[in-house]
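The following pair of complexes shares a single chain, subunit A, combined with subunit B in the former and subunit C in the latter.
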Partner chain A sequence: MPDGHPVTGLDEVVHQRVRLGILAIAHEARRVEFGYLRTQLDLTAGNLSKHLSVLETAGLIDIEKGYEGKRGRTWITLTRDGTTALAEEIGRLKVLIARVETPAEET
Partner chain B sequence: MPDGHPVTGLDEVVHQRVRLGILAIAHEARRVEFGYLRTQLDLTAGNLSKHLSVLETAGLIDIEKGYEGKRGRTWITLTRDGTTALAEEIGRLKVLIARVETPAEET
Partner chain C sequence: MTTDSVSTGDDPHRLLADVRDLTGRVRRDQRLTWVALLVLAAVTLVAIPFDWFFLKLDCDDSGCVFARRGMLYYWPPALLLAYAAIAVSYVRAARERGLGARVLPYAITGAVTAVLFTAAYTAAAAYFPSNPPFDGGPMPFWWIVLDRLIAPWGLIGLALLVLSHLERNVPLLVFTLAYLVLVLLVLPTTEGMSAPAWVSGTNAQIRLSMALPQLIVGVVLLAGGIGFARARRSSSPAGGRSA
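The block that comes next holds the complex of A and B.
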């Protein structure tokens, strides 16, 4: 896309607000529990599950179900592709920000 | 939202990939023509119109129809609220980027 704007390179799977949050938190925490994500992102369980499913289908996260004591828990980790995808998103956002912050030419 | 993640402060009207592109280009160009936006963002006319309509309804852009010679043209400009909304989005993305780039604590 030689002539396109930086946003044309953004992947909507990653850029979407909630999914970007999931990837960022999983990146910070390495392994993150469903309930923690839900609180941090202020989501219903159904809405969070929907976005996790999109990310899992794209191969960007692994979802693991288990127990903590007797309580069922769901853990989310970034895959290697997820780490790469987040880094690419961040790189493209930086290009976009730099363009927006370049003073416009007065014509 | 003292406990929320930075993405909880992002406005989906502004953050959505195509609309962020429209606002960024209108910011760079001050006044931008529909066909130029369409090329830069690699969109169909219908898809671009849909996103422009969301931004106009939110009061973030003005849409003006006129002529250039005999050809009908549609011009887009950022409103003051649009300029503010873009600046807020950029500010929040910077917070997000800074968090992602802070080395994770090894626990």
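The block that comes next holds the complex of A and C.
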């Protein structure tokens, strides 16, 4: 693999379709509720929880649990590191696409 | 429902497309365009009686001098209340949908325009009676457009431009541009338009000439609000989210 190839810089935590989706939604929404994420990403509660746990452990999101009336609600917000990680991942994806689409210059 | 995640080796094109799709959905779900337009329509229509009854009119053989006192009494608090109501509506609706809101810059822009209008109107009322612009001669069109821009109806358009940018809302951008063309270039919002010939009396004619442009602006905003509400309903039968 050539030195400086964008793949070498991929973050395994972020370079994953569901987790990237979570970060993208949380970034756009400022804060997002668990149920909204589950619906938009078409996941089971258990599976979404696993991905949220990975992101929280990596320090990319904050999870806040509370109640509205008798209804429990879980809100997810992006941390500063999460915002940076999302921007870097999108930048790397664009570089990857650019390299794939200009094969003649690379080979 | 998906029960496991997709592999990390996903196609970059697809990942980026997913990100764009998801962010687009969030933006659509955060929108409450029809509420903003209906509130602004209501504020515009309610202004008409204020302008009518608080219009100070002095007529003699040489002509009439008028001052639209109602605009200063009504619009600054009305704009502030309207933008506060719109911001609260956005935040509550977004929260119910499980999202945060991105309306604060719009509300701040609206509040700033209210202050700008008050300052400009007060300064003009103090300065121009003794220093008429262009020596009291005919005013160039750019001056008239500027005058219309800093009037409440022009400022509403500027704030709507900010909202369309925040929401990345192309239909609202198109509506706002058409609205701005109407209130800046077509409708004589600050000068008044010709009253129908059947209206008798200078007093009533002048008041009506001021009311008609406001009525048109209010109806346009109302129609826009209804249009966006209908578009929302038709595009999302499960609860309406996109307009």
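Everything that follows uses one rule, which is that the second predicted complex is superposed on the first by the 99 of 107 C-alpha atoms of A that agree within 3 Å, B and C clash if a C-alpha of one lies under 4 Å from a C-alpha of the other, contacts with A are read in each partner's own complex, and residues count from 1 in each chain.
Throughout what follows, a contact is a pair of C-beta atoms (placed from the backbone, for glycine too) under 8 Å apart; a residue touches a chain by one contact, two chains touch by 3 or more.
Note that the coordinates shown come from a computational prediction; the quantities given were computed from them, not determined experimentally.
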- Query: Fit or clash for subunit B plus subunit C once both are placed on subunit A?
  - Reply: clash
- Query: Given the touch rule stated above, what does A:42 touch, subunit B (first), subunit C (second), both, or neither?
  - Reply: both
- Query: In the superposed arrangement, which partner chain does A:15 touch: subunit B (first), subunit C (second), both, or neither?
  - Reply: both
- Query: Of the partners subunit B and subunit C, which touch A:33 in the superposed model: first, second, both, neither?
  - Reply: second
- Once the structures are superposed on A, label A:96 by its partner contacts, choosing first (subunit B), second (subunit C), both or neither. both
- Task: Would you sort A:81 into first (subunit B), second (subunit C), both or neither based on which partner it touches?
- Result: neither
- Message: Which partner chains sit in contact with A:24 here, subunit B, subunit C, both or neither? Use first/second/both/neither.
- Response: both
- Give the one stretch of subunit C, out of 5-13, 77-85, 113-121 or 131-139, that collides with subunit B after superposing. 5-13
- Task: Using the superposition on A, tell me which residues of subunit A are in contact with subunit B and, in the other complex, with subunit C.
- Result: 10, 12, 15-18, 20-21, 24-25, 27-30, 40-42, 90, 93-94, 96-97, 100
- Item | Touching residues (chain side subunit A, partner subunit C) in the complex | 10, 12, 15-21, 24-25, 27-37, 40-44, 47, 51, 73, 77, 90, 93-94, 96-97, 100
- Query: What residues of subunit C sit close enough to touch subunit A in their complex?
  - Reply: 1-6, 8, 10, 12-16, 18-19, 22-23, 25-27, 29-30, 94, 97-102
- subunit B residues within the subunit A interface of the complex: 1, 3-8, 10, 12, 15-18, 20-21, 24-25, 27-30, 39-42, 86, 90, 93-94, 96-97, 99-102, 104, 107
